[in-house]
Amino acid sequence: MYTVCVRDHFMIAHSFNGEVFGPAQRLHGATYVVDLEFRRPELDADGLVVDIGLATTMLAEVLGDLNYRNLDEEDPLRGRNTTTEFLAREVFDRVAQRIAAGQLGESARGITALRVTLHESHVAWGSYEGALPSSASA
Amino acid sequence: MYTVCVRDHFMIAHSFNGEVFGPAQRLHGATYVVDLEFRRPELDADGLVVDIGLATTMLAEVLGDLNYRNLDEEDPLRGRNTTTEFLAREVFDRVAQRIAAGQLGESARGITALRVTLHESHVAWGSYEGALPSSASA
Amino acid sequence: MYTVCVRDHFMIAHSFNGEVFGPAQRLHGATYVVDLEFRRPELDADGLVVDIGLATTMLAEVLGDLNYRNLDEEDPLRGRNTTTEFLAREVFDRVAQRIAAGQLGESARGITALRVTLHESHVAWGSYEGALPSSASA
Amino acid sequence: MYTVCVRDHFMIAHSFNGEVFGPAQRLHGATYVVDLEFRRPELDADGLVVDIGLATTMLAEVLGDLNYRNLDEEDPLRGRNTTTEFLAREVFDRVAQRIAAGQLGESARGITALRVTLHESHVAWGSYEGALPSSASA
Amino acid sequence: MYTVCVRDHFMIAHSFNGEVFGPAQRLHGATYVVDLEFRRPELDADGLVVDIGLATTMLAEVLGDLNYRNLDEEDPLRGRNTTTEFLAREVFDRVAQRIAAGQLGESARGITALRVTLHESHVAWGSYEGALPSSASA
Amino acid sequence: MYTVCVRDHFMIAHSFNGEVFGPAQRLHGATYVVDLEFRRPELDADGLVVDIGLATTMLAEVLGDLNYRNLDEEDPLRGRNTTTEFLAREVFDRVAQRIAAGQLGESARGITALRVTLHESHVAWGSYEGALPSSASA
């Protein structure tokens, strides 16, 4: 299995609901350094997992929709606990939609799985990984 | 699959038995920077893989039992080659026991697997990963 | 010159005032991974720059006063642009006050300078360094 | 599952063929920081995944055959797009051959899988992982 | 003293002249991860060392003139040993020229020194630091 | 000012004397990842701060004299508190002696200062920096 990963980041404010969160129930914020991994069993005709230029642009766009925002006020996140692991899944879904819509080109249909990791500090990170919904037909 | 990881470290002395270890047969030591990963297929009701506060405290306790010690003199490690990969398994087992005992709370019973990675330098690490013994009933 | 550094982090919300900040004028947030460096020309009688236990506790307290907060609402930061470099100076001043007050013990009066670095992402950091106000008499 | 990883690096020149590569069609180069992971379900009699001394030497030899070279002029890479992910597979195959030939000793026949990751910058990496061809008979 | 640092990278081919370079006399290449530090004794009116947006764009432009190239064929580097430390100075000079030309705005005239660090691998880096030629009049 | 840095590591056992050390009074150990920086105002005729091959070999030799040892039993460290900052100075002195003895070649006499940093974990490091004793005559 081949994997290619690109990294970017975004910076947000949010708060959490529930006693389990302790002081993190207050409005605070985070920098998330994001690793987006693309996986496929065989390389495409150019010897690539994915066009890194397109992948980098796509990740910047996905994170741009979240960057410099208070997630407590942003649809469709309003009312959710936007934990690191929850946001990893959110980024996963948005990337998967764009791949399905063809933003990474035809060859990207060979991508069978993604993993999204959000590093929230030097001592904690969360991730979500899964097969691509559309990969069965790829 | 969701994953959440917390990081801590411990510092120990030990020696190894067997010609394969060369100069590491002498009494020496290591800092191990430890990444403890928790995995589960679905988030709990709070949007969490695990209560990070509880997880961090638990990891500190597990490593506290090893920290600042000569492992050659510590039961039950006495007489074992406490290699990086062996210690990764040891930390895995101790964490798994505490989860089974409920230290991370009820919601943590949804955790299905763990990975423990010990970084021994900037150029080498070892890890152990496995399903949780109790996860079948979770 | 000897230096010892300890690392911790804090997570805050804030917004900036001024067109130069572009989208960062919106309420957002950041994780700051903080490196606190202590400098002195000679070690103390124990062979130390600083008691690392005390230094770590002190840094945790200083960052605890900022952690999980919206800096736009916190005195005395309200109304200021709490940029990374500004906050590095703020942490510097709070640490310097505590050293002057003796929180790190008598031997810490041999510390002549500090540097505080705040890493805001994998691609940007800011720092403030300076002599300790009280070091002339040390 | 146990994993042990060792790290080294190599520095090469190359160019790519195909419009998808944009400016990388020009002759340029890269440093690849290489993580070589060895996996096996049980430790050997010494408590090891692999003899790290032998593994480190082997990795240095494999990378030494690529280091300080223009890959456009090296057989058998000539005419191929030596992308990061392609090179990860190339290193994987060369390591697998050496394990099959016994370079890591008899105990290394317990290794069931490898992963090779090439970090090309602070924001991008590629990897190849797979079962060892010879592991079925191990 | 305040410092702000931004990070980017470039990837080049080159070769060295002189027996001291051993196998690095062959055409090879490198990824350089670049840290560009700006220093000044006081913050500007916005609480900044430098406008990070402008600084990031400027660094990308400076590195863009070197990226994806064979430095052996590029004026004015042709015939020089483009070692890591030499290139750190080259980037320093190009950045200093752009600051003097006003690319970072009027407030950037308060910047008194720069440091440029090029990381060539996980085990080696080189840097050049100096006062800005124009800082005396700032 | 130019700087070049090379990195290596060593792994030792030791214990500390004095109540300030708390549990670190017990026999334990550490991995020290070592950054050795060489500084000089001008490059040599080859465009170098130092011959990196010679520097790397020298650092490996210096650390080899400490590696895989119990420092409590090693002359001349016996009876000293071998703290991170103390060991940084020890490595500094041993490197300085070797440079003065010519191990890095004639051109290395242009080196005017060194810095040695020992990283003991992901959250703490110590360093010693100073002018080279022999640099006045260089």
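Per-chain residue numbering starts at 1, and chain names A, B, C, D, E and F are given in the order in which the chains are listed.
Assume contacts are C-beta pairs under 8 Å (C-beta built on N, C-alpha and C of every residue); 3 or more make two chains touch, one makes a residue touch a chain.
Computed from a predicted model, the values in this text were never measured in an experiment.
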item	value
Subunit C to subunit F, fewest steps along touching chains	1
Recurring contact interface, reference C-F, options E-F, A-C or D-E [over half identical by residue number]	E-F
Centre-of-Cα separation between subunit D and subunit A, whole angstrom	27
Inter-chain centre distance, subunit B versus subunit F - centres from mean C-alpha coordinates, in Å	31
Two or more partner chains touched - positions in subunit D	7, 122-123
Subunit F residues within the subunit B interface of the complex	7, 9, 11-14, 23-24, 26-33, 67-70, 120-123
Touching residues on subunit A, where the partner in the complex is subunit B	16, 18, 20-22, 80-86, 88-89, 122-130
Sites on subunit D touched by subunit B in the complex	1-8, 43, 46-49, 51-53
